[in-house]
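Below, chain A partners chain B and then partners chain C, in two separate complexes.
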Partner chain A sequence: MKARSLGALALLALIVALTPLLVRYPTLEAQMLISGLLALGFSFLLGQMGFLSFGQATFNGIGAYAAALALLHWHVPLVLLLAIGILAGTLSALVVGVLSIQGVGVYAVMLTFALNEMAYFSAFQLKGITGGDNGLRGLIRPDLFGFSLSSSLTYYYLVAVVFVLAVYVVLRIIDSPFGHVLRAIRENEQRAKAIGYEVRHFKIAAFALSGAISGLAGALYALLYQFVPLEAIDFNTSTNIVIMGLLGGVGSPFGPILGAAIYTLLANFLSEVWARWPLVLGVIFCCIVLFLRGGLWELGPLALRRIRHLGGGNVAADSKPL
Partner chain B sequence: MESLIAIQLLNGVVLGMIYALVAAGLTLIFGMLDIPNFAHGAFYALGAYVAYSVVAHTNSFWAAIVIVPLAVGAIGLAIDALFIRRLARFGHVYQILFTLGLVFIAQETIILIWGADPTSINVPSALDGGLSLGLVTFPYYRLFLVLAAALLIAAVWLALERTKYGAIIRAGIEDPAMVDCIGFNVQRLFTLVFGIGVALAAVAGALSLPVRGGQPAMGEELTAISFVVVVIGGLGSFAGAVVGGLIVGLTQAMMTIFYPSASEVAIFAAMVAILLVRPQGLFGTR
Partner chain C sequence: MLQTRNLSKRFGAHTAVQSVDLAVHEGTLHSIIGPNGAGKTTLFNLLSGDLQPTEGEIFFKGQPITRLDSARRSRLGIGRSFQRTNIFPQLSVFENVRIAAQSRSTASFDLWHPASSLGAVSQRAGEVLREIGLHERAEQLARELAGGDQRLLELAIALATDPVLLLFDEPSQGLSPEDAKRLMARIRALAARYTIVLIEHNVNLAMELSNEITVMHFGSVLARGTPAEIRSHQGVRDAYLGRRG
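Up next is the complex of A and B:
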């Protein structure tokens, strides 16, 4: 792994560790990290492999329901709950992935969308299992090896540790040979095939990873609010995840984390000020798509380059994408 | 039971023709111009709300039917010329994302201007009453809606297939560089086609307002359904849009009698099946 990525991860871990001590909103901050994982799962597919998924809420919702049901019916310990979330997210993503990559271009996007809608309406109708419109209630956050997580600050730190670990894993995978093949597929699928890679398998594996992260986020979410609302699997959640990813930028794994943090803050504070805040969000989003396709994360390097350029530095050397 | 089925069959045809009209617009935009317009349903919603305002001001439904496609179609022209055109070279992904942003903007703007409460208008007085068909009565307005939708779709199809400009547009889709060389402004023609596609969705919204009413999120459902219809019917096919629209409308109407809880899942399951098994649709050639 590159030293630069490790440094950035260390800095991220420091920020994540200190934030709730400086500004005490642990539930909101845990929500920011969980949304960060969702956006990361989405951006991994789009940024690394060039696949636009409109169905990330499917994996999030199924992960959340699986963990919540395991807790309700079998009182499974916490670490296992997270594993169940990951497993359920992975399995659902395998199904969606295998089906969706059959489609070409826009059709593949529409398959992720249609499968998300099917999952949503199934969850809506299966009231006996998911609670339907009322959501799945009555969850009680279990202890971690006898250590109580009932305060939201202690639970925040559990989320934070899991979050940093997950980001580390994603960074490692992006830098691995597997990550290189995914980017080769993104740049030129025919050539990747011609070289001899089983492109289909790589795509499905990328889906599995994206589903694992999203399922983990689902389980963490269920335990944060001790409740799984129907929204967890709603298509609107999928579009919100798309917006978070693009807002921050899908080129770097740190982009979606930034995007999710900004989105969560806007959703919490701007919505208090103005009920029509999605209008602002829509305008910002359209501007990003038109003028800043690398997302807000790209602003940093852009500014840096500008400064170096003013100082007479070499611009070309630094112009490679993140 | 027979009369219930008969009523639902007629409702299914009405619903199906609304879907067909919206999908005919999408088949122009997505099927011919290759722009995946995820805001298509938003133009349908906008059409319904503009119609509401026109009726409120002029008291004439017929004025609304003329003004709505022109006004909303003009918005579509502007959006294509100013924004969507520029994104073409970045591929489908960014066109999808941009139109997704438009959905947010349209929906919130509707709530800002017209409020979040559901709206409706009365059926125009000339079309009060209904046609007695023995078992059931078919309201004249619904009959008018079905005929108007069929006429509009046929008119656009004829314009494309039988007029000089239609021929230029079709040639431009086959080989834009060549048609540009001959001396036609292909981009301008494509923008016009985009505007017509948007106008079809908008006029469908206006026509459906007395029957289905309006609410700010009404477009989301129509975006999803019009993509289903276009996929089922085949990209770029007007006959496909009509047949696909009727299939979806009738299926929905019948499911509400026999198995209401599964009607949404069934629509999307059909979409997945068609996308996997026959992505060129029933009538598509591409």
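Up next is the complex of A and C:
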């Protein structure tokens, strides 16, 4: 992995470790990290492979339900619950991936959306399993190897560790031979085929990875609120994930994490003082789409470039994505 | 090495390639010439698997490959370049070639190790860049290259997949006359090591370089033979060469 990515990861880990000590909102902060994972799963597909998925809540919801059901019915230990979330997210993403990459362009996007709607209505109808619109209640967060996670601060730190590990894994994947193939597909799918890559297999594998991250987020979410609302698999959630990703910028894995943090903060605080807060979000979003295509994360390199430019440094070297 | 039998491609009512029987022999440089719209690129798309033929069959080293897609044909050893520059624009020049070389490695599903740790792949990419003369541009983004250099990169990507058969579709298109000459010298050097099929607009250049020539006209083969035979072929002179004086 590049030294720059590793440095950014270390800084992120430090921020994540210190935040709840400085500002005590551990539940909100855990939510920020979980949203960060969802946005990361989304941006992995869009930023690396160039695939716009409007159905990420499918993987989140199925991961959350799977982990919650395993806990309710079998009292599965915590680490396994996370594994079940990952597995369920992966499997659902394999199905969605295989089906939606049949579509071309906007039709592929519509397929991710349509499949999300189907998953949502299934969850809505299967009241006996998912609780329907009442949600899945009665979860009790289990201990971790005998260590109680009942306080929201201790649970935050579990989420934080899992989050940092997940970001590390994504950074490694992005830098791997596989990650390089995804970017070649993003840049020019026809040529990627012409030099011998089975593009379909790479796309499906990328979906599986995105689903794994999202399913993990789903399991963490279920255990955070000890409850899975129908909202977890709702198309609205997918839209919010898209907004978080684009807000922060999908070019670097740190972009969506930033976007999710900002989005979650706005959603939490603005919604308390002003019911029409999405209006503010809408304005910010439009500004970014119109003037800052790389998302807020681009502001960093942009500012750096300005400074270097003043100092007469090299501009082009910085424009490469992480 | 490569054969087609009765190969045809129709786009609706329009027949772009009509009953083409082509035989490319190992170790030769075989040029395909013909006026605009003769169906040369369409024929290449059929050979590389970018298009499926309406009719007919294709054999590579004696094996039928008609139903294989372009990725499979690439892995069998058929490399191609495109008439319209078809590169990875936002990746560096080095990465454009490196990713092509990586396609020959079994490590492409490795999610864990850095791509830069594939030493043989990076080394191969470096060799190809030096051979093509782009090594000084390696760190630039492909889209920032000048048009002529992008044409070279187009060839470098094809070469990096270590093919046995190379299909070059008008590689000198858009180059200045000097650059075109230099490029042709490179292709002549490559012809010592690879079997090459070349689509070339400049008939004299094609005549100079090739062992064999196929002339296409309205989708069909009008003539085939050595450069000398083609030069004296009356039909070719009437249909094609004559017009150019």
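One rule holds for everything that comes next: the second predicted complex is superposed on the first by the 320 of 322 C-alpha atoms of A that agree within 3 Å, B and C clash if a C-alpha of one lies under 4 Å from a C-alpha of the other, contacts with A are read in each partner's own complex, and residues count from 1 in each chain.
Criterion: contacts are C-beta pairs under 8 Å (C-beta built on N, C-alpha and C of every residue); 3 or more make two chains touch, one makes a residue touch a chain.
Just so it is clear, the structure is predicted and the values come from calculations on it, not from any experiment.
Trainee: In the overlay, answer first, second, both or neither for which of chain B and chain C A:196 touches.
Mentor: Second partner only.
Trainee: Touch check for A:121: first (chain B), second (chain C), both, or neither?
Mentor: In the superposition, A:121 contacts chain B only.
Trainee: For A:289, using the defined touch cut-off, is the partner it touches chain B, chain C, both, or neither? Pick first, second, both or neither.
Mentor: Only chain B; A:289 stays clear of chain C.
Trainee: So, A:52: does it touch chain B (first), chain C (second), both, or neither?
Mentor: first
Trainee: Tell me which partner A:176 touches in the superposition: chain B (first), chain C (second), both or neither.
Mentor: So A:176 only meets chain C here.
Trainee: Touching A:308 in the superposition: chain B (first), chain C (second), both, neither?
Mentor: neither
Trainee: A:246 in the overlay: touching chain B, chain C, both, or neither? Say first, second, both or neither.
Mentor: In the superposed model, A:246 contacts chain B only, not chain C.
Trainee: Can you list the residues of chain A that meet both chain B and chain C?
Mentor: Shared contact residues on chain A (touching chain B in one complex, chain C in the other): none at all.
Trainee: Within their complex, state which residues of chain C touch chain A.
Mentor: 48, 50, 69-71, 74-75, 79-80, 82, 86-92, 95, 98-100, 102-105, 107-116, 118, 140-141, 144, 157-158, 160-161
Trainee: Help me check something: in the complex, which residues belonging to chain A touch chain C?
Mentor: Residues 1, 172-173, 175-181, 183-184, 187-188, 190-199, 202, 205, 209, 316, 319-320.
Trainee: Taking the complex as given, what residues does chain A use to touch chain B?
Mentor: 46, 50, 52, 99, 102-107, 109-111, 113-115, 117-118, 121-122, 125, 239, 242-243, 246, 276, 278-279, 281-283, 285-286, 289-290, 293
Trainee: Within their complex, state which residues of chain B touch chain A.
Mentor: For chain B paired with chain A, touching residues are 30, 36, 83, 86-87, 90, 92-94, 96-98, 100-105, 107-109, 111-112, 224, 227-228, 231, 261-262, 264-265, 268-269, 271-272, 275-276, 279.
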